[in-house]
Amino acid sequence: MDHTILVGTLDLVLDLFGTFMFALSGAAAGVRHRLDLFGVLVLAFCAGTSGGILRDLLIGAVPPTAITDWRYLTAAVLAGLGTFWYPGIARIRSAVPLLDSVGLAVFAVDGAKKALDFGLGPVAATVLGMLSAIGGGLVRDILVSEVPVLFRSEIYAVAALAGASVVVLGRALSLPAGPTAVAGALLCLGLRLTAIRRGWKLPIAGGMEETP
Amino acid sequence: MDHTILVGTLDLVLDLFGTFMFALSGAAAGVRHRLDLFGVLVLAFCAGTSGGILRDLLIGAVPPTAITDWRYLTAAVLAGLGTFWYPGIARIRSAVPLLDSVGLAVFAVDGAKKALDFGLGPVAATVLGMLSAIGGGLVRDILVSEVPVLFRSEIYAVAALAGASVVVLGRALSLPAGPTAVAGALLCLGLRLTAIRRGWKLPIAGGMEETP
Amino acid sequence: MDHTILVGTLDLVLDLFGTFMFALSGAAAGVRHRLDLFGVLVLAFCAGTSGGILRDLLIGAVPPTAITDWRYLTAAVLAGLGTFWYPGIARIRSAVPLLDSVGLAVFAVDGAKKALDFGLGPVAATVLGMLSAIGGGLVRDILVSEVPVLFRSEIYAVAALAGASVVVLGRALSLPAGPTAVAGALLCLGLRLTAIRRGWKLPIAGGMEETP
C-alpha cells in the first residue's frame, strides 16, 4: 500500500515537473513573439498540457486531468510568470537538456500507460504515448504560427515513440509495470540526450530544389 | 415557470447574438485574406462557435450544442453572407464595441455556468468560461495563420476571466444564479469597454531586443 | 448477409484508399516544407485521418476509428514513406484528379452516414459529412502554417457538402442506404471533377483594396 502511494506520488511529481519544463518552452516562445502577459501564460499552459489534453480527448477521458487538477494550471502559470519576469529562466532548458528530456520521457511513458488502461490496442497506445509527449510542442508552435520545430529537430518524437513502445511491449508480455515504465523512460531519455549531444537528425527528402 | 422560460429564452437570444457578432469578426478576417465564399463562411462559423465547441469537448458534452442546434449555424452563416456582400458590416464591431463585448460577456458567463453544471471544480470552470469566450478568436486566427490578436490586444481574456470567476464564486457562496450571472456579465463588459476606451493593455516582457 | 459483408468490405477498402490519397497530399506538403522523415509521416497521418478524427470527437465516438484501427495508420505511413523516397509519387494526385476526388466523395458520404447513425440531426450530419472530407486538408495546412488552400481552390468543400446532403436527404426519405450513398458519392465526384476541368471557383468578396 505504502509502496503504491509512493509510486503514485513520484509519478505526479514527475508529471508536474514535465509540465513545468514544457511550459517554460511555451512561455519563452510567447516572450519571443512579444505577446502580452496573458498570451505568455496561455502559451505556457498549452505547451505544458496540450499533449495530455489531446490524449484524454482521444481516449474519452473527459474532462482531462490537466483541466480538472489545478496543480497543472499552477505549474504552468508559475513557469509563465517566471519566464515573463526573468526571460533568462527559459534558457535552462537548452543549458540543461536533461531537465526537458525528463519531461518528454515521463509524458511518453505515462501517456502510453493511460491509453492502455483505457483499453486501447498496442499500436494506438504507442501513438498516443508519443502524442502525449509531443502535443504540447505542436500546439505551442501552431499558436505562434510556426511550422512545429519538432518536425525538423534532433531525434525527439522518435525517442518518445521508443519510450512508449517499451511500456506497450511490457504490458503485452505481462512484465511488472513499474520497472517497464522506468526502462521506457530511460530509453527515451538516453536516445534524446545522445541525439542532442551528437546532433542526430532524421533525414530530409533529397532532390527537392525549391527551398521554403 | 414562466420566469424560467423567459430567462432561458433571453439566454438563447444573447448566445445567438454573441455568435453572430463573433462570426462577423471571422467573416471579416476571411474577406481580408481574400478567401472565397466558402472560406468566409467557415471562418464565420469557427469564430462564432469554436469557443463553445472546445468547452463542450473538454467537459464531455458531445455532440456540442453549436453543432446540434441549427440556429447557431444559421446565425454564423447570416453573419458570413452579410459580410461577404457588404464587407462594411463588419466595421460595426469596431464602431460599436458594446455589441462585440456583449458577446464576450455572455460567452464567459454561460461557459462557466455550463462547466459547473457538468461537475467541474471552481478553477476548471473559470478557465473553461474564459475559453468559451476566447476560443472563437483563437481558432479564427489559427485558420488564417496569424498569431492570435488577443495575445496582444486590450484587456480581453482577462475580462472574460473576471466574468467567469464571478459566476463560479457565486455558485460557491450559493448566491442566486440569475443575479450572479448578470453581475459577472456586467463586470466583464465594464472591464472590456473601459480597457478599449483607455487603451489598457497587459504588459509585454521587457528587455527583449529581438523583434519579430 | 454475404451482401452486407461485401458492402462493408468495399466501404473499408474505399475508406483506406481515401486515407492513402489524402495522406499523399500531407506527405507532399511535408517534403515541400523540408520537414524530416518524422514530420512527413505526421503530416501524412494528419492529412489522411484528421477529418474522421474531428468528426468522431464531435459525435462522441471515442476513441476514433482512425486511432484504434491500425490499418489507417498503415495506409498513412505507406503514403508518407513512398512520398519521402519518391516525391514524384505525390504528383499522381494532380495528374489523376479522379483518385483524390474519390477520397473526398467517400469521406463525405461515410461521414454523414456515421453522424446520422450517432443520432445527429440532418443539418449537423451534413456539416459533419463535409468536415470529415475537408478536415484532413485543414489540419495539414494549419500544421505547415498556411492558410488552408481549400478556402481558395476550385469547388471542393461544396462538392463534399452536396454529397453529404444526398445521404441525409435519402435517410429522411427512408430511401435504401446503399444506392443513396452511391448517388451522393457520384454527385460529389462529378461536381469536383467538373470544377477542376472548367476551373470553377467560388466568388471572392470584391471591392477590397488591401491585398494580403
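Each chain gets a letter, A, B and C, in the order it is written, and its residues are counted from 1.
The rule we apply is simple: contacts are C-beta pairs under 8 Å (C-beta built on N, C-alpha and C of every residue); 3 or more make two chains touch, one makes a residue touch a chain.
This is a predicted model, so every value here is computed, not measured.
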item	value
Chain contact graph, described as a line, ring, star, complete graph or other shape	complete
Size of the rotation, in steps of 5 degrees, that lays the CA trace of chain B over chain C	120
Gap in Å, rounded to a whole number, between the CA centres of chain C and chain A	30
Chain A: positions in contact with at least two other chains	57, 142, 145
Chain A residues touching chain C - in the complex, by the definition given at the top	57-60, 118, 120-121, 123-124, 127-128, 138, 142, 145-148, 150-152, 157-158, 201-205, 207-208, 210-212
Residues on chain B engaged by chain C in the complex (per definition of touch)	30-40, 42-43, 53, 57, 62-64, 67-68, 70, 73, 83-85, 87, 142-145
